[in-house]
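First, the structure itself, so that you have it in front of you.
Labels for the chains are A, B, C, D, E and F, by order of writing; each one numbers its residues from 1.
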Amino acid sequence: MSRIDGRTPDQLRSVTIQRGWSKHAEGSVLVSFGDTRVLCTASFSEGVPRWRRGSGEGWVTGEYAMLPRATHSRGERESVRGRIGGRTHEISRLVGRSLRAVVDLKVLGENTVMLDCDVLQADGGTRTAAITGAYVALADAIAWAGRKKLVRHSGKALTGSVAAVSVGIVKGVPLLDLCYEEDVRAETDMNVVCTGDGRFVEVQGTAEGQPFARDELSALLDLAVSGCDQLAVLQMEALER
Amino acid sequence: MSRIDGRTPDQLRSVTIQRGWSKHAEGSVLVSFGDTRVLCTASFSEGVPRWRRGSGEGWVTGEYAMLPRATHSRGERESVRGRIGGRTHEISRLVGRSLRAVVDLKVLGENTVMLDCDVLQADGGTRTAAITGAYVALADAIAWAGRKKLVRHSGKALTGSVAAVSVGIVKGVPLLDLCYEEDVRAETDMNVVCTGDGRFVEVQGTAEGQPFARDELSALLDLAVSGCDQLAVLQMEALER
Amino acid sequence: MSRIDGRTPDQLRSVTIQRGWSKHAEGSVLVSFGDTRVLCTASFSEGVPRWRRGSGEGWVTGEYAMLPRATHSRGERESVRGRIGGRTHEISRLVGRSLRAVVDLKVLGENTVMLDCDVLQADGGTRTAAITGAYVALADAIAWAGRKKLVRHSGKALTGSVAAVSVGIVKGVPLLDLCYEEDVRAETDMNVVCTGDGRFVEVQGTAEGQPFARDELSALLDLAVSGCDQLAVLQMEALER
Amino acid sequence: MSRIDGRTPDQLRSVTIQRGWSKHAEGSVLVSFGDTRVLCTASFSEGVPRWRRGSGEGWVTGEYAMLPRATHSRGERESVRGRIGGRTHEISRLVGRSLRAVVDLKVLGENTVMLDCDVLQADGGTRTAAITGAYVALADAIAWAGRKKLVRHSGKALTGSVAAVSVGIVKGVPLLDLCYEEDVRAETDMNVVCTGDGRFVEVQGTAEGQPFARDELSALLDLAVSGCDQLAVLQMEALER
Amino acid sequence: MSRIDGRTPDQLRSVTIQRGWSKHAEGSVLVSFGDTRVLCTASFSEGVPRWRRGSGEGWVTGEYAMLPRATHSRGERESVRGRIGGRTHEISRLVGRSLRAVVDLKVLGENTVMLDCDVLQADGGTRTAAITGAYVALADAIAWAGRKKLVRHSGKALTGSVAAVSVGIVKGVPLLDLCYEEDVRAETDMNVVCTGDGRFVEVQGTAEGQPFARDELSALLDLAVSGCDQLAVLQMEALER
Amino acid sequence: MSRIDGRTPDQLRSVTIQRGWSKHAEGSVLVSFGDTRVLCTASFSEGVPRWRRGSGEGWVTGEYAMLPRATHSRGERESVRGRIGGRTHEISRLVGRSLRAVVDLKVLGENTVMLDCDVLQADGGTRTAAITGAYVALADAIAWAGRKKLVRHSGKALTGSVAAVSVGIVKGVPLLDLCYEEDVRAETDMNVVCTGDGRFVEVQGTAEGQPFARDELSALLDLAVSGCDQLAVLQMEALER
């Protein structure tokens, strides 16, 4: 039984990772997971936020946002409304935590990398595409800082790679990398962030309809780990180009 | 090897659930998990938000907040700052989703229950105490609405109970229901929301330091399920008093 | 002729002052005037706001707020609305001014005490309960600072005590310490803040319906002074426990 | 012993009330108390705020603000800061309450009068000048509405007049109508709002330094009543011109 | 004497207009003027803002924004700051006015088109690229509405085309379509919006350094008109593809 | 053919420039263009904004606002709404840029002049009256700073004078200095800011209805230059009084 777009349950959408998309940023990636398209820029700056000064350690953080017409119907701009919504806050924090999991902040030194993930087009899995793309932008920004002698042992600043994927149960079947149509039908929805060596950085599972059982959770985790494995390979290939 | 406060790794803190704490609310509970104290009030109101009108279904949502001096050092009020922080947003959404998981919104009819969870004193696990207490306040509010003939089959509005607990790995040992001192030292921190029959509503695991392996995740889930089981019993006892 | 709750016109409600309610704050009091319950915490911190630096004097200020369901029907959170209402602003300023009236800011030195007064349950007289409770929390915080050697002559930092009570005219009769039901019916409503030696710190009288005459004002002031006298005794007893 | 500006203790500053200052407003007054200059406009509009619809009664409310350079040193605009300060809120509410005290809202019918009081130049007593001027603007707006047949018995919409004055104790001497220089030196500061027949609408006394005794309060009230009497005459003369 | 990037003074940068860039929007264009890249989406919706209901006429408006790292150094997000800056406001209004100049709002009927112009990469002339691209997106959205029978005589909804270009004087030489490097050095900076038939919709000239003389103004207008002519051709070609 | 108010097409309204209107400000002007009345205050302060410190240069900036009832129907206060509107932003920026065009910021030294332009009554042309009046207030503030020895060569701080006027095409006829009635009927509306020697600082033309042709633009510029010439004379006369 095939999926809406013809994939098998354990198949990722077509994933592309285009580096150097932006002329100004120290690292920049246009990542797509199917029709989901996210522009990830990494901005390297010397210095750290006030609360971290003098610690000798750096800081990596993220901000996630959607263009108003990235979605099927237009959403009001958060700048116009004057406040950031809960979902935006939540994902921005997730992006920052996920990336910090693979950075040695001591090696980074008192420097900051801001990862801006702006969704240009949304079709499900925007946060997982954002994290996956942001890792590549981060790697480029750190390499840039190494070349500029701003980070001494820049080759050791990253302790591994990180990628993310969504999984969910639709009509009883565990599926990898949900598109929007699948996502709205999922009974359970999970976002998993893994390091390149297959360990977990974040596991966020939510029962949208019925609560889920332990074996369903296990099946989803299996799918997610295999998806992240594939994404780690794609990230490595992109960075080698 | 015992914990900071003398507990065994799989032991909850002393939990109390005091119903009817507030004179005005349709349901109100002062819940404590050790020194963490949360006032949960359930406000029942006829009608639903605009986007839900005419659906025949009700709505259950939550708002979480901390008093400024609930914590060790005073935090600025979000009302004074003029915006709600990311953490507050995130937990408020979690409370709402968790409670909705056990409500039959059709039976509730076009009525709304708002669950306000205000942390009076914080010592770790405030979101899990909030969810656990809010369930009891919600049950009281629905029973009240049944008595007032505002909900017809109020006995069927709740499809089960829901409780939450935190688990984490401290110095390599999986622990149940972390207090603040343990929480800040945890390498991995997980919040788990379960129904009374042991299924999962939410699983949120975060690697604070090192990424975590599949077997660590399993050990944490085991602990969490057993903790939620105990909380479900305490909730039931409180509701029978 | 007796009142709604059986009191005589010049009788306070049952008043309780429970010290040490919170584990973190330097001073904390749960005060109740009948069903009105306010949690007052005093947070002592070294240093003063920027505009006061180098003056050698300290600062004492207050913030007042209500939990959303402290009242009969739920009020929207000011943090969610994104702005503080006029009433909240007004009472916060009143709390700060009232407490400063009995503090020798030179003796306090360049330290700040923030008094947070959060209404957990409202039944009239929340601002007067807040001031009355905040004084006790402040006294505890200053004593704490004395023990910690943060304030040298801490015994002289307070020049007296301060308490507050509401009075009003209901159906032509001047009444002391109005509960909510009386408050909404009052033609004239007055809040009076007095020092322990019977002098005035604040007098705020408002004609809700008809303007009031000089002799009515006098009768209300008499009642208020006697109410504050009784509260001063209760404060002293609480501090001696 | 004379005052800074040569007045006797019980003497008002030179007061002028200039009607019809603005071409657009239904009532408009430029009022000055010495160098304090406030532009008061009364905007009459049909209809009432949502919460009052169907009541058959009208609404009268006020907004007070200061131009940024009305004061000795420039203050930041509240519109630029994005929020209204506590003092502004407090005075706006006072203006509204004071004016409503002399309006028969049933006679007004479902119409609204907004009183905008903008301080063009400040030299103490801005809120009392605002109230005194706003009354005259309100009277003009109601007369306008009567001529336009928007209020039926417009002659009965006002039940009396209202005026306000500040009083205070400076170096032990009770003084009427403080200018800024006196105001900053006052030990006690009181604003009193009276009807034309000498009754009280608002009494707001604050001990700036030492708490004040009952006889001091009495002396201040005497001064304030005599000041309001004089202002009532000036209001009447202005309305007869 | 050639320019920084080798162009002649009256030469546009390389301009590309890529239609159908976004899957969801009724019209969408990725426009580039050299390295300046703006994503313009046109969102068609039935109905008009409240103040326009019942008029029988439609509404066309715009919102302009920059991604945080569109520029050389990262700018703070306006959503995070909680308010829109003056420059953003100004350009958003300009976009809306410019497009409305070529729309027959009666033919559009009570429908709204929102033009979102998000700058993905900035290198001078972002507002002129935004207007030029937005026109093409608008044309596509109106054609879509015609096919969907939402606008009856959709072929007559546009009364002409509109495009915009910047001009400026750098070291005394009038230049067309300034890139960022030129823009910061310009003594006079002008943005001109023209219809396809060469008339003016907006002329905004600003002396950055020295005030400019009438003949300089004339030379700039000449350049701008020729630039807009060329852009009108490119727009037409894009719409014919 | 005469205009609504009897003027010829090239005639200014009656213009008055009243200096020293405010007791506190270093420069203050009440300017009127017919019934448009703007209070312009210049606040001189030592020091410059953070981003300009150490540059040796000063800063001149402006803020424009309208009193709520300056207009025919009352507008909501921007302070109450919590944000500044686009129009206000736009005009504030225009005022600042226009005045800076005639200031030698090096001569000013590290000092700031803030020009507050508050519209007390609006009848068209408020921004042009604001700029024209603000120049005179600025000149007074700089002279004040010279007398106080805060600016060394204060006589050289102004490189010229600046004034502004609106022009527009109504029923095909180019008119100078539009009043409100004319402004709402104008097909094209232009604001022009000129130096006293007849050069341009700002030219902002907008087609309200039909786009305008080059010869119409020329006719409007001619009118505007002649209007600014007359205003420059009036400014000089005011400064000589």
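Simple rule for what comes next: a residue touches a chain if its C-beta (ideal position, glycine included) is under 8 Å from a C-beta of that chain, and two chains touch if they have at least 3 such contacts.
These numbers were taken from a predicted model, which means no experiment stands behind them.
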Practice item. Identify the chains in contact with chain B as well as chain E, in label order. Key: A
**Study point:** Same-residue or different-residue interface between chain A and chain E, half as cut-off
**Key:** same
Revision key, fill the gap. Comparing contact pairs by residue number, the option in A-B, D-F or A-E matching C-D for over half of them is A-B
Review point. Hey, how far is the Cα centre of chain A from the one of chain F, in Å?
Key: 50
Point to revise | Chain centre separation in whole Å, for chain F relative to chain E (CA means) | key: 28
Study note, to complete from the structure: Rounded to the nearest Å, the gap separating the Cα centres of chain C and chain E is 59
**Study point:** Residues of chain E engaged with two or more neighbouring chains
**Key:** 82-84
Check your understanding: Ring order from chain A, via chain B next?
Key -> A, B, C, D, F, E
**Study point:** Residues of chain D that touch chain F when the two form their complex
**Key:** 22-25, 28, 35, 39, 41, 43, 45, 63, 65, 67-74, 77-80, 82-84, 88, 114, 116, 118, 120-121, 123
Revision key, fill the gap. Residue positions on chain C within touch of chain D in the complex are 83-87, 89-90, 92-93, 97, 101, 190, 194-195, 197, 199-207, 210-214, 217, 221, 225
